[in-house]
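Common to both upcoming complexes is subunit A, partnered first by subunit B, then by subunit C.
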Partner chain A sequence: MENNASSTSTKSPAPKGEIWVWFTSLGLVLGLAMVLFLFGLILMRGFSFFWPVPVVQLELKEDSESVFRGNTSFAGVIASTQERSLQEIAVEEEILLEEEEEVEADGILGQALQTISEYRVFVGSRDRYGQSFRYFRHNDILERSFPEDIIRAERRVEGDAFFFPQRIQFQDGSEVTREDAIFEDELDRVVKEARSRRSQINRIDRREIGPINLEIRQLTMDLRYLNRIERSEGELTEAQQAERERLTGRIAKLNEQFELLRDQADELRETNQSIRVFYEYADGTNGQIAIGDLFRFYYPNRLGFLQRVQVAGIQFWEFVSGYPREANMSGGIFPAIFGTFVMTLIMSIAVTPFGVITAIYLREYAVQGPLVRAVRIAINNLAGVPSIVFGVFGLGFFVYIMGGTIDSLFFSQAQELGTPTFGTGGILWAGLTLALLNLPVVIVATEESISAVPRGVREGSLACGASKWQTIQRLVIPASLPGILTGMILAMARGAGEVAPLMLVGVVALAPNLPVDGTFPFVHLERKFMHLGFHIYDVGFQSPDSEAAIPTVFATTLILIALIVVLNLSAILLRNHIRKKHKGSAF
Partner chain B sequence: MNDSTETLQQTPEITRKEMDNPDKTDFRQDYISFRNYNFYYGATQVLFEVNLDIPERQVTALIGPSGCGKSTLLRNINRMNDLVDGIRHEGELLIDGTSAYDPTVEVISLRKRIGMVFQKSNPFAKSIYENVVYGLRVAGRKKKSTLDEAVETSLRRAALWDEVKDRLGESAFGLSGGQMQRLCIARAIANNPEIILMDEPCSALDPVATGKIEDLIHDLKKEYTIVIVTHNMQQAARVSDRTAFFYLGKLIEYDETEKMFMNPAQKQTEDYVRGRFG
Partner chain C sequence: MYKKITSLALASMVSATSLFGEVQVDPDLPEYERVSGISGNLNSIGSDTLNNLMLLWAEGFREVYPNVNIQIEGAGSATGPAALIEGTAQIGPMSRPMRGTEIENFEAAYGYAPTQVNVAIDGIAVYAHRENPVEGLTLQEVDGIFSSTNRLGGSTINNWSAVRGSGDWSDMPITPYGRNSASGTYGFFRNVALGGGDYRSEVAEQPGSSAVVQSVGADRGGIGYSGVGYKTSGVRFVPLSTDGENYYYPTAENCVTGNYPIARFLILYVNRNPREEMDSLTYEFLRFALSKQGQEIVARDGFFPLPASTANQILETLK
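Right, the complex of A and B next:
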């Protein structure tokens, strides 16, 4: 019916205000274009982080600007081609080198319009070149080639490197050189073996030594506590002395176990260090690396399309499932993904019941008057408070007051020794702070959906002899579930991406342990945690080589968005499922 | 839609019900009794000095032009108007001899004795089964056999059993409009009430569904006291034993339905039932 009406109205000559339709749609188009551009950029740059690209070898003219420390030959991945004016370069170099050289003013002005084009190349090997990226002017390049045998190596430290492997030296001094037919297979094999040794070491470190360490730390703390009592009281009671003996004995035994395991791990480490790969850089200089430091490698110039997909898949998997290394510069981001997920979950679990109960009271029980109106305005304004303010509140209220109280009640020993348990930032407090931040969203969404429950349904229920609470519980809440979930979805989308308040209440750049793991009591809500949003900040803006970190930042952003989408999608699916059940209730 | 029945079923069948209910003298004549009843929404008075005795186990129809207070009167009986802010009443409302507004009367137990069917059918977003037993569940009944039995008897009485017995677990929203309304009637009678209030129960239904519900009302009055609001004169004539005509919040005339339609005492009533009214 409405459609008919509007189609007839468009036929009428030049309806008033029609031009605004174009304006409004222009707004939509602009908005969509910006969103699509942003998503496209993140998708493209995020995925290109994992995609193996060919490695180019550049031969430079002797004595040209691009030559670095006498090296005229470089291998790397071309990141971009760019134009820079000479003036820019001069200014930059001045800042970089702090040279006091007198540059003729006329000269600069004359050259200002003259631009040169250059390649920005990821050359890796931070240990050798200082920075991961170098610039090569087009004019300085003599020759370009794509050598077959070059490998891109992911190393434990100092990022990736490009080189030509020459020989493998085993523990007993025997060698396999590249002239041997089995060389490449051997290289594959030793790297794989090293990897399995490394995961063994990891298992020993994390699963076996970790709990022992934890227990030793706990017992040492108890022991220190007893020692303190002795110092202040002069003497210990019989029971306390016995306790001290027990503690000392247990610690000694644990230390024994610890040393045994450590020896095992050391042996594995030693093996990994004693097998070495010798290689040559593009310019012919030699280098070597212990097999334990060579995590993974591939031949970038030999890969077919499917192999590239495979390598990309492996790198993606390592990124999302691995632990970070080198101050988050390399390795994976699993702890950050997991921390974000758990924190968002805690937030949702906290905010939903709280918000729903508040909304029910406001809508169903509170006497509608100036007071309730004031409360509503306050709630709406709460949504506009800068999130950092919530962070400060969380720090003061949750961490210091609540956490401090919990500590003095249950963890007084640790507190006295200056190692707070709950009295310091942690994932629980972060989740609760964000829950508070998103409370208005849930309240407003719930209130709206409660008031959308048809009057007829309430009256029907009351007419059956139901009390008000029974009506709310059996009909109103189920009918408003989709709206409640909408509120939760909005809260999750906002909460998962929020960073500023978290920096005050428990997020860290590098957390030693996950908030959920295999040690009793399995869920450690007091632990500090990593977060994708903070990870982006840390890697992108706090790391020593931020240029090299840009791809990581894009990849991390991609994962963060993907995580939010997955969380939201599951909530939306749940909502649609519920909605289907209630379909027709509003006819 | 509302009055489509008129075109199909032109002749009122006043005679039929007299044969069915020959004797009702041993039932209370003032089962629901309004005494000098005034009712206000805030400052506006809606009912004026209403004196009305509704007899037990009969069908009483309330008619009158829109806005004259029929629904308000009906909703006073089960105190549904308590939900509205700023309401006030004067005078007395007795149900089976006790005041509905007596402080000792609990509104919930009052409502359990009074079923209500609304103009717009309002099934809950639950299965057909759960809709019928809703009143029993909120009353704390849990025994499966009791509930099963209540479902079957109520649905049978609401003439819906045969149509839905194979899909009791399905959502009530899958029913047709007429079926939904009968489901609401089944829900109202599952509590085994004494009174059933109906506020224009057929206004959204087609003639066939309306006919079914009218037959149902006819059957139900053997056990229940029924008060029905209707805009359809034929319907009032067909289903009710007594009819009350309201105008601007005042009870103008109240008598045997037959008399009200054939030979009303008031000119206003005559004009209204003859359709010569605004």
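Right, the complex of A and C next:
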């Protein structure tokens, strides 16, 4: 852009070659436009996932082909409107002929024949309709309205539903019906209570039962190992028998504790199942739902702008902080965000020292000759190897060879029992695989910045009596730190977005336990993990109701981009800080 | 496979109701009841057709046993046997039976054959765009659309006009969509609908079951094969026929009776040493999958549940 401005302002009749300056700026504009368009699209569609929109109720003609089991009334959110031209629907000639007659009678012949428009409506209630979307022709719609009392309910299973709540039935059989003045407040209250019970259940499951389980798991493993010895050797030594008794006793005791906690959770679950909400669909059909399955609801046609913002905020927060449900179709993506973050961190920690050391040797110590040139070519070629190849290498080398060796050295019992620890994909192996993948990036960036350190600086240092290593350590590395960080930023951006190799070395669609948590030893490098990029692939291409999953895909993409931006931004800030510090020094 | 399903139909009658959606679960299936002392890690690596089903089962199983950690990878059926042999997973979900070489490799590693557990029935539906008027296809026509070898005796078909496409479809080229070769669906469809022949190079290979459905929904001339559970509002089922007279939709009933020609079992393979007692966690997971709750989840995911007699028979062999 700068070139562009200066060139137009200086000499008027375009000098030779000036036209190319225009081309460069055109390239920039094109690139920027594409990036902005893509980003805008993701931003818009990502955010619209959270934004509550009004729910329309449609009344259809009885002979419409969209009628569902004789019911002509539907409630839902209009997802899109599309038009089909007459020619395209010529196959349905008979229907058209009928319509033609009708239209003629109305005296507006021609117009309606040209196109048929239809709505694609998100009607929810997958359990009832079989799929989340239905098509409705404009011509079939007799009436559309925006009922005040309809709610959009987020349910535990089968996605969202639209309905009119009728009455609440409590455990003791008493009821509150919609005629009662307190009905809506009551509904609000029971749903809130159910939510707090659910979070209690979660706390018991995750925090309290977790550590007990871990111990039981370990002890059971030891026990099974002893049993195995008994089977193969025929008999156990006395010490082993005593050990077995101790283990059995301890396990029984832990199981008691566990069952106590589990009963607590079960009781809460039961309460959540015993309170029920009865409702009517838009067509008047009755249904009911346990309060424990009704996660959240709102009245989409009653909200003002601020309330919409509030609902959007809550939904956004639940999306980024919640755990996935229903095969990743609903719920949040917190484990995926956290998994991506931890993996990128492991990768950065692994790749930076490795890459920097290699670059220093190549640039400062190695004798420049055919061998070093060959190594450089090899490194550059490595950058061009498809990432899936690194995935295969990671699976073969890290998982099978290294992981298998670690298992046979330290976890031999588990391995013999067919439950591998490090011998299967995990976050450590995924991080290291990506570190390898990004090694060339870091090496090249570091080499460039090392070679940019002025010759005078080195010579001055050497002249003052510093050794070569002292020069590198005190002058060259600090001066090239910004360049090294640039390499790291590039590596992080690539690493966080990479999916293909991860599928082989430890990414899973669902990993209920995080790689870092409150149970000893806090960091579990052997665990499999969830990743935003893989989550997008999984939800977008593998989920049974892929149509309903598309908004989730955009929202997840938005979060992935945001995460990469945050990671990069912090690295850039660090780099700027270092640059400033370096400028302020004596040089 | 075909024969198996037919014999299965003789063994028991299954109650299936309406055409689509609402699949009834056999009420005679046993309720799953909690046993004590179940905990640990369960790794599953295999089919992507079964991926969602495994996730839903894992969710349900964890509600019963909150202390179990289940990790599921689903990159394709071919990854299952390798994972079982390497010992990186206890369960290998597959959408096709293991091949002879895969079983041999397993036997070479452990000295006994892997245990096959059928857990659900899946119909492979042929999907077309929702506005497509085609009334039905015979297997020969399907073969002509997808295959270059035409083993079933048809001829190559490139246009909807060749399969009774009317109106706007009378001159619409056919774009076939399919799965990638790691997928069990790919292999199974080839065996049944292509008579073991080869796919045409025009078949666009998609990375996932629902990617096929999405592509067909976005392409008016498109046709593709994928599991029945992946239907969206943008596509419709194409009824199939073996004899050219009776056309059948992929319903639970038609799949179980064998009227619908492309149906199969979904399988979980496990490593079970016949001389030892099975790992209790794996066993309980299988018992859960074959219970009433587990089979209800099967129906919710769009597959067809097993009849009670079959499920009980399978459980019996695992004890």
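As a convention for this text, the second predicted complex is superposed on the first by the 538 of 587 C-alpha atoms of A that agree within 3 Å, B and C clash if a C-alpha of one lies under 4 Å from a C-alpha of the other, contacts with A are read in each partner's own complex, and residues count from 1 in each chain.
We take it that contacts are C-beta pairs under 8 Å (C-beta built on N, C-alpha and C of every residue); 3 or more make two chains touch, one makes a residue touch a chain.
None of the values given here were measured: they were computed from a predicted structure.
Chemist: Would you sort A:Gly460 into first (subunit B), second (subunit C), both or neither based on which partner it touches?
Modeler: First partner only, subunit B.
Chemist: If you stack the two complexes on chain A, which partner ends up touching A:Asn438: first (subunit B), second (subunit C), both, or neither?
Modeler: In the superposition, A:Asn438 touches no partner, neither subunit B nor subunit C.
Chemist: Look at A:Glu547 in the shared chain and tell me whether it touches subunit B only, subunit C only, both, or neither; answer first, second, both or neither.
Modeler: second
Chemist: Check the contacts made with subunit A and report whether subunit B or subunit C touches more of its residues.
Modeler: Between subunit B and subunit C, the winner on subunit A residue contacts is C.
Chemist: Classify the contacts of A:Lys581 with the two partner chains as first (subunit B alone), second (subunit C alone), both, or neither.
Modeler: The answer is first: A:Lys581 touches subunit B but not subunit C.
Chemist: Now for A:Ala479: first (subunit B), second (subunit C), both, or neither, which partner does it touch?
Modeler: first
Chemist: State the interface residues of subunit A toward subunit C in the complex, per the touch definition above.
Modeler: Within the complex, subunit A contacts subunit C at residues 84, 87-93, 120, 127, 129-135, 157-158, 204-205, 209-210, 212-213, 216-217, 220, 231, 251, 255, 258-259, 262, 265, 325-328, 399-400, 415, 417-420, 423-425, 503-504, 507-513, 527-528, 537-538, 540-547.
Chemist: For subunit A, which residues are in contact with subunit B within the complex?
Modeler: Per the stated touch rule, the residues are 454, 456-467, 470, 474-475, 478-479, 581-585.
Chemist: Inside the complex, what are the residues of subunit B that reach subunit A?
Modeler: Residue list for subunit B touching subunit A: 78, 80, 83, 108-109, 111-112, 114-116, 118, 120, 122-125, 134-135, 137-139, 171, 173, 184, 187-188, 191.
Chemist: Touching residues of subunit C toward subunit A in the complex: what are they?
Modeler: Subunit C reaches subunit A through residues 20-22, 36-37, 39-41, 43, 48, 51-52, 55-56, 58-59, 62, 66-67, 69-75, 86-90, 130-131, 133, 166-169, 206-211, 213-214, 217, 229-234, 271, 276, 279, 300-302.
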